[in-house]
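Going in written order, the chains are labelled A, B and C, and every chain counts its residues from 1.
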Amino acid sequence: MKPAELIKGKFLLILLVVVVIMLLPSLVSNYYVGLAIQIFIMAIFAMSLDLLVGHTGLPSLGHAAYFGIAAYGAGFLYLAGMKNLWLAVFIGMGLGGLTAALFGLLALRALGAYFMLITLALSQVLWGIAFKWRSLTGGDDGLPGIGRPEMGMGIDLRSDPSFYYLTLAIFVLVFIALFILVNSPLGCALRGIRESESRMKALGYSVWLYKYLAFVFAGIFAGISGVLWVSYSGFVCPTYLGIDNSAKPLMMLILGGSGSLFGPSIGAGIIVLLENIVSGLTVRWSLILGIVYVVAIMFFSEGISSIIKRGH
Amino acid sequence: MKPLDIQALSKNFGGLQAINNISLEIEEGERRVIIGPNGAGKTTLFHLISGFLLPSSGHVHLFGRDVTNLQAHQRAALGMARTFQVTNLFQKLTLFENILLGVQAIQSSRFCFYRRVRSFREMMGEAERLLKEWNLWEKKDVLLKNLSYGEQRQIEVIMALATKPRLLLLDEPTAGLSPAETASVTSIIKGLPREITTILIEHDMDVAFEIAEKVTVLYFGSVLADGPLAEIKGNPKVTEVYLG
Amino acid sequence: MAFWIIQTLNGLSFSMMLFLVAAGFSLVFGLMKIINIAHGSFYLLSAYIGLTILRMTDNFLLATIIGSIVAAVVGIFMQSLFLRRFHMKELQQVLLTFGFVFIIGDACLWIWGGAPFSLPKPSLFKGSILIGSVVFPSYRLLVILVGVIIAVGLWIFQEKTKYGAIVRAGVDDEEMLRGSGINIQMVFAGVFGLGALLAGIGGIIGGPFVGVSPGVDMSMLLLALVVVVIGGIGSLKGAFVGSLFVGLVDNFGKALFPELSMFTLFAPMAIILGIRPEGIFGKMGE
């Protein structure tokens, strides 16, 4: 019977994927483990943005701000000697959330393209601040040599496999949290806002407040990814706050799909793998990536297009 | 306490005077129909009442409260619901999700972010009840954009009722419907409980006269005539406006 | 005292150069709602090309003409082959321009390398003028003059010509423009090309004191963003006033407290956003 076979086939495939993910460090070299770590961190970043773009219909061009500020926060914390991962995650979530709380107040005064412009301007200025404040941030050179934090429980995060399982665990936790949020009354309301703000207002929903909450939640989750990234790479620099890092998760949503939780994760996988493969092949990886982005938008953009609202 | 009390309401857009010094009182339980030729300002009036437009001058009172400076969602929260002339529903959500958003709108749990909406048995049950009452339960998982125009106009009304309003504003609910669908919607509106004060904008005179207890005739943004149905029917100015 | 005069002069010349960049960015956004992240790339590309032309011919005017025209051509190419397919889909348009940032940026890196360059001044203006007791580099004065002339030219174009009226109408209400029977695509391509042209001129004019290197595209974009947010969207007056403000503040900031100069821009921007989100002279349009 075909349908039963299809279901069984799907189930086996999922099982295979889960097994591979669980056993990855024993299957492949550290290089690929590192790639997987990057994919999971970026997936968290992309999912956090999708909360705004896919679910609420708010196309934010400045999402890197929350990633970057959390990364710098964690970086400063570690360099100051407080190498506690959990503290860093907590602080990163706080920084991401607070920055989003501030930026949201300013950006949500506008709709559509104006909203996009403001989110871009705000995060770019943050980038500029990090760029110029050499004595604090190391400027363009960034802050290297940060080293892995400690997480207690007798686990040494300096080994990539250990860091991998930590990242995986946090990814799963974030996934579950977002799953609940996205399917909660608040999440449903966000999708209603995406579809028709005026209808939601007519029903009595305080639309601005919901958008603001989505903004702050997105900032909090983005902060988690920023902390994980600096904890993994041991390095933080202004690019984390720059437009590249704001456009990247958007490209992940375009390629992987928006409005679900798996889409951004798949998109993260595609972009991370793409970047690594291309940069390994040629010095001109930036040029190639630019061409890929343009081609991707030209041919794959249907998923996002219907989601972007002009605010009515 | 009157559900709706409008005093000297005016709205101009640049040079265009869309609404000109309108005063109106609606009693509790009333069935009021607003008629008038195209461009008379009927929908604009609805926007002013529901808060989608702010007036240039005048006051709007809902249930005794001055809501003139309140935003649309704040007015809706006082117990007013409206439908839109152009169907305004959540096209890419399922029928069930659409109705659920209506049901959820008046619940304190509508801000909850740490529990799945499925776990709110009462809300889910209420949405189910509504859909079954209107014989639309089998279509609950259909995306709204895949439903027929007639069904969508119906859902506009259901959506408004889901918030358990005390004042209902219906903007041309039968627009574009077949005679059978029109009859169906008309009987639904007539069958609404008296606790829901109903104001209807209608273009179809037959529907208007079947539902109305009192009629307000708008003409170029002003009230041309206002009174019980029989009076309006016999008013020569009204017939002139519609024939001229 | 001389310090302040010189800094003001430097600030003003920077402002004029910034105006050339910001005006194009603001017009494109006001008319087409496109946030052209590659706007800084026009600046960059033109500056590099100008550099090469200057090395070959030492003719500053020629360099300006060729550099800005190349930028304009690239701009028209971008708009008519790519951006126009995504009308009303602002997010896709932005991401498209972002792809071009990579392409143009890396192409420039490939051709000219990563070392920073400074464009040589035109031979006529290499010297200084003595006014009172202060020595002014004559080039800076030239930049201010050119900036003002172009600003006036743009104003005349916008206010006094038919084409300018079309653009103004479009910024206010695009629907109306569509209905009027004018070839919208020509208007869009023209404005986009004009924006690129202006940015290109800015790139060469700014070359002697801002220089050109990888990353200049992004720093110019950032300043243009701040100008537009403060001065207002889609407004020429706003771009001018905003550029004056940002140029002077940034210049004084860099001179007085270089590390924290961005805060001097961030604060006014946040304040304007709080009070009047569309900018001082901006129009919210939709």
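Remarks
Everything that follows uses one rule, which is that contacts are C-beta pairs under 8 Å (C-beta built on N, C-alpha and C of every residue); 3 or more make two chains touch, one makes a residue touch a chain.
Note that the structure is a prediction, hence the values are computed from the model and not measured.
Compared with chain C, the chain whose C-alpha mean position is the greatest distance off is B. Central chain assignment: A. Criterion: smallest distance from chain C-alpha mean to the mean of all protein C-alpha atoms.
For the pairs A-B and A-C, the count of C-beta pairs in contact is higher at A-C.
Averaging Cα coordinates per chain places chain B and chain C 50 Å apart.
The distance from the centre of chain A to the centre of chain B, with each centre set as the mean of the Cα atoms, comes to 42 Å. Rounded to whole angstrom units, the spacing between the C-alpha centres of chain A and chain C is 32. Within the complex, the chain A residues that touch chain B are 180-181, 183-189, 191-192, 195-196, 198-207, 213, 217, 306. Residues 29, 33-35, 37, 82, 85-86, 88-92, 94-96, 98-107, 109-110, 218-219, 221-222, 225-226, 228-229, 233, 258-263, 265-266, 269-270, 273-274, 277-278, 284, 286 of chain C touch chain A in their complex. Touching chain A in their complex are the following residues of chain B: 50-52, 71-74, 76-77, 81-82, 84, 88-93, 97, 100-102, 104-107, 109-118, 120, 123, 159, 163. On chain A, the positions that touch chain C within their shared complex are 53, 59, 61, 105-107, 109-114, 116-118, 120-122, 124-125, 127-129, 131-136, 242-243, 247, 250-251, 254, 284, 286-287, 289-294, 297-298, 301, 304-305, 308, 310-311.
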